[in-house]
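Have a look at the structure below, then the notes.
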């Protein structure tokens, strides 16, 4: 990957009128992409590149089928949002991408997952998780200082344990990419658990970014946060997609409408519809998608 | 008027139960006070040299026991360093070795053991904790001591230290080994509970970052369980300090300070920890200065266990800072 | 791409890519776990073999022959009776004490500093070595004022060693276990149960007696069984406070009381005295008695298991 520019930290102006657009309700509303979406998109188009491909993926927990025959592509340069009602299998699908389902003994997986052309089962699982990292719904910073949290992956993955001086630069870069440097830069020894909820989640994102992953998985990262922190993280996600492939699971249709480039709608374990965000929200092809997006159920 | 009666019965109950609780408090305070008071003459006659070394402590014990009946000629001289050294040595080795074994076993039980083995290990640990110390001592004195005496103590080794001490199988080695086995189950139980209480978010988060299972358990779970490990070590130290019966059976009952410079022979030399000394010499309590000396040993053990309780509490305080559960 | 056949997702990751240090640590973990199992098996098998070799049924109901050398005839009926008597006495004394103090600390506990002091005192007792408790007990029971609890020689010297003395100190051994279990059981009863009882007009003490203590029964039983196990296995207090007479030697007084004022021995002191560390030289008797003792202790632990498993689910929380 070539040299990355460090994105500017976004300051949220409180007197700014947020241009959030609700998805169309009960058949009313525009057929094309709402104008409000433009706020979080940078002007120039970003080159898109294939990263991961899923082929006929099915996941079972014992006898219960959680995911049924899903085929998807995950690309760098775009944000893929997985939407759907509770229990539709979107979180399971996300956790399969970095083989986290293997932590559950009853889980069984069929189908093929490919990362950059290699079958994911052929890779060592720790190697896979280095390249495909995850941020969880509840912020889970470790009971250590901010510095130790961000440096954790780097320390534990290296063949020889790097010294503190060698880690200072990657830690700062990760914190800048996560937009947290301004707030914690002076005191990196502060215990991570003393940060606010939004800061903790950004710390978890910085921690995930520190090891230079290729794909970032986000499992409802803002559901436990207040709207201000949510806005900051959404800006962050949109900036990060330039260098990473991003898959985000979200319950919040407005959030998906704001930040996603492509949207995949799942229902009861099956992939119902997948396509560009504007199309899935504006002119869904399948009736069930239309019903969900218009708030008829879920 | 039923209300007034009701509150009166409540008051009576509260007062009697409160009196019971104060009785417990009084027993503890009385125990500390009485033991120290009874021990005082022995300490005062020896001063700080009580804790020093000098002379053969076994001979000093005998001299005190043989004190003439006249109070003015009571014999008090004692240099208890070999006894204190033996206590500290056996405890330190047992706790050190025990911590390593307990932590590794606890990690094994929580993380790596296959289902069947895990289900066997829990009753195994409880069994080892339940075996009475006299049975450990019996196995030690009838199996381990002859084994060490016949196979590990060669005649040359015996000859090398014959001028200082007689080597039989009763030795520091057997004492430390059995003591380690006795304290390990206590620590395992506490550490396993602590490892299981580590929030899943942390271990899952570490796994999701691509860290392998051993490193996850070591850097996250064990790191977060440090207060529990300290508590386990403190509890085990209290147990090891007070172990009297097993040690009196296998440690050799010779008031000798093993010299680390002796090499391997260091472990084969006999020792005499404080608690074992008390048990060995309990019949001599009727001789006044001897009895006071025994109380002095008991006072030392009592004060050490008090210090341990306070130390254990104090050690956990700084760890609360990082959100580690205490 | 054709779908692959269902795979069994591996529950553990292959360790071939781990660092050498990590693999060594994993091996060490396995070694410790297996060694502990092997150790427990070895102890059990050894005691079983020796016990079956030396235990003859008549040992269980024959009195020991008095005298230092036990290698000849004579069983260990008296030590067995001694164990039973001492364990019962210690438990009977520790139960009301432990439950009472726990009830006061949890339900009343005023003033606050006193409650904390009492809790610390119980912890101090828990951490005190039993040999120190034995020495203190001797000190206590040799006072003239407590002379009625043991032998009193003609010249006024109090012997201080009896079942009463040993039982009292044994109750201190069991006290922290009963206290902790009762406290935990009482604290796990939800507050709304108490409030419901007060709302019906019941006094605090009636609530405790009729509602809370029955709910805490499994916890109390577990603590009591744990205490019994500890008492049965303790040797130091017996050696110091029970007078070291092989046979039960009652003192004077009414029938049961004179036995309790007298001296005797228990299985633990019998094993200690018959080992090469004591005066007796009867290793076979020591093995036989140790076998019986281990059996009793294991049986007690199985009882503890049974109680704590059954009493786990409190009916209110369902």
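In order of appearance the chains are A, B and C, and numbering begins at 1 in each one.
One rule holds in what follows: contacts are C-beta pairs under 8 Å (C-beta built on N, C-alpha and C of every residue); 3 or more make two chains touch, one makes a residue touch a chain.
The structure displayed is predicted, hence computed values, not measured ones.
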Chain contact topology (line, ring, star, complete or other): complete
Furthest chain, CA centroid comparison against subunit B: A
Pair exhibiting more inter-chain C-beta contacts, A-B or A-C: A-B
Separation of mean Cα positions, subunit C and subunit B [Å, integer]: 18
Inter-chain centre distance, subunit A versus subunit B - centres from mean C-alpha coordinates, in Å: 53
Distance between chain centroids, defined by C-alpha means - subunit A, subunit C (Å): 56
Per-residue multi-chain contacts in subunit C, two or more chains: 13, 17
Multi-partner residues of subunit B (at least 2 other chains): 212, 215
Overlap residues in subunit A, where contacts from two or more other chains coincide: 126-127
Contacting residues of subunit A [partner subunit C, same complex]: 55-56, 99, 101-102, 105, 107-112, 121, 124-127, 159
Subunit B-facing residues of subunit A, complex: 98, 100, 103, 126-131, 133-134, 136, 138, 140, 142-145, 152-153, 156-157, 191, 193, 204, 207-208, 211
Residues on subunit B engaged by subunit C in the complex (per definition of touch): 6-7, 9-10, 13-14, 17-18, 20-22, 24-25, 27-29, 31, 34-35, 38, 101, 104-105, 107-109, 112-113, 117, 120-121, 124-128, 130-135, 137-139, 141-143, 181, 184, 212-215, 218, 235, 238, 241-245, 248-249, 275, 278-279, 282, 285, 294-295, 298, 301-302, 305-306, 308-309
Subunit C to subunit A touching residues, read off their complex: 1, 3-11, 13-14, 17, 19
Subunit A contact footprint on subunit B (complex, rising order): 199, 201-202, 204-212, 215, 219-220, 223-224, 321-324
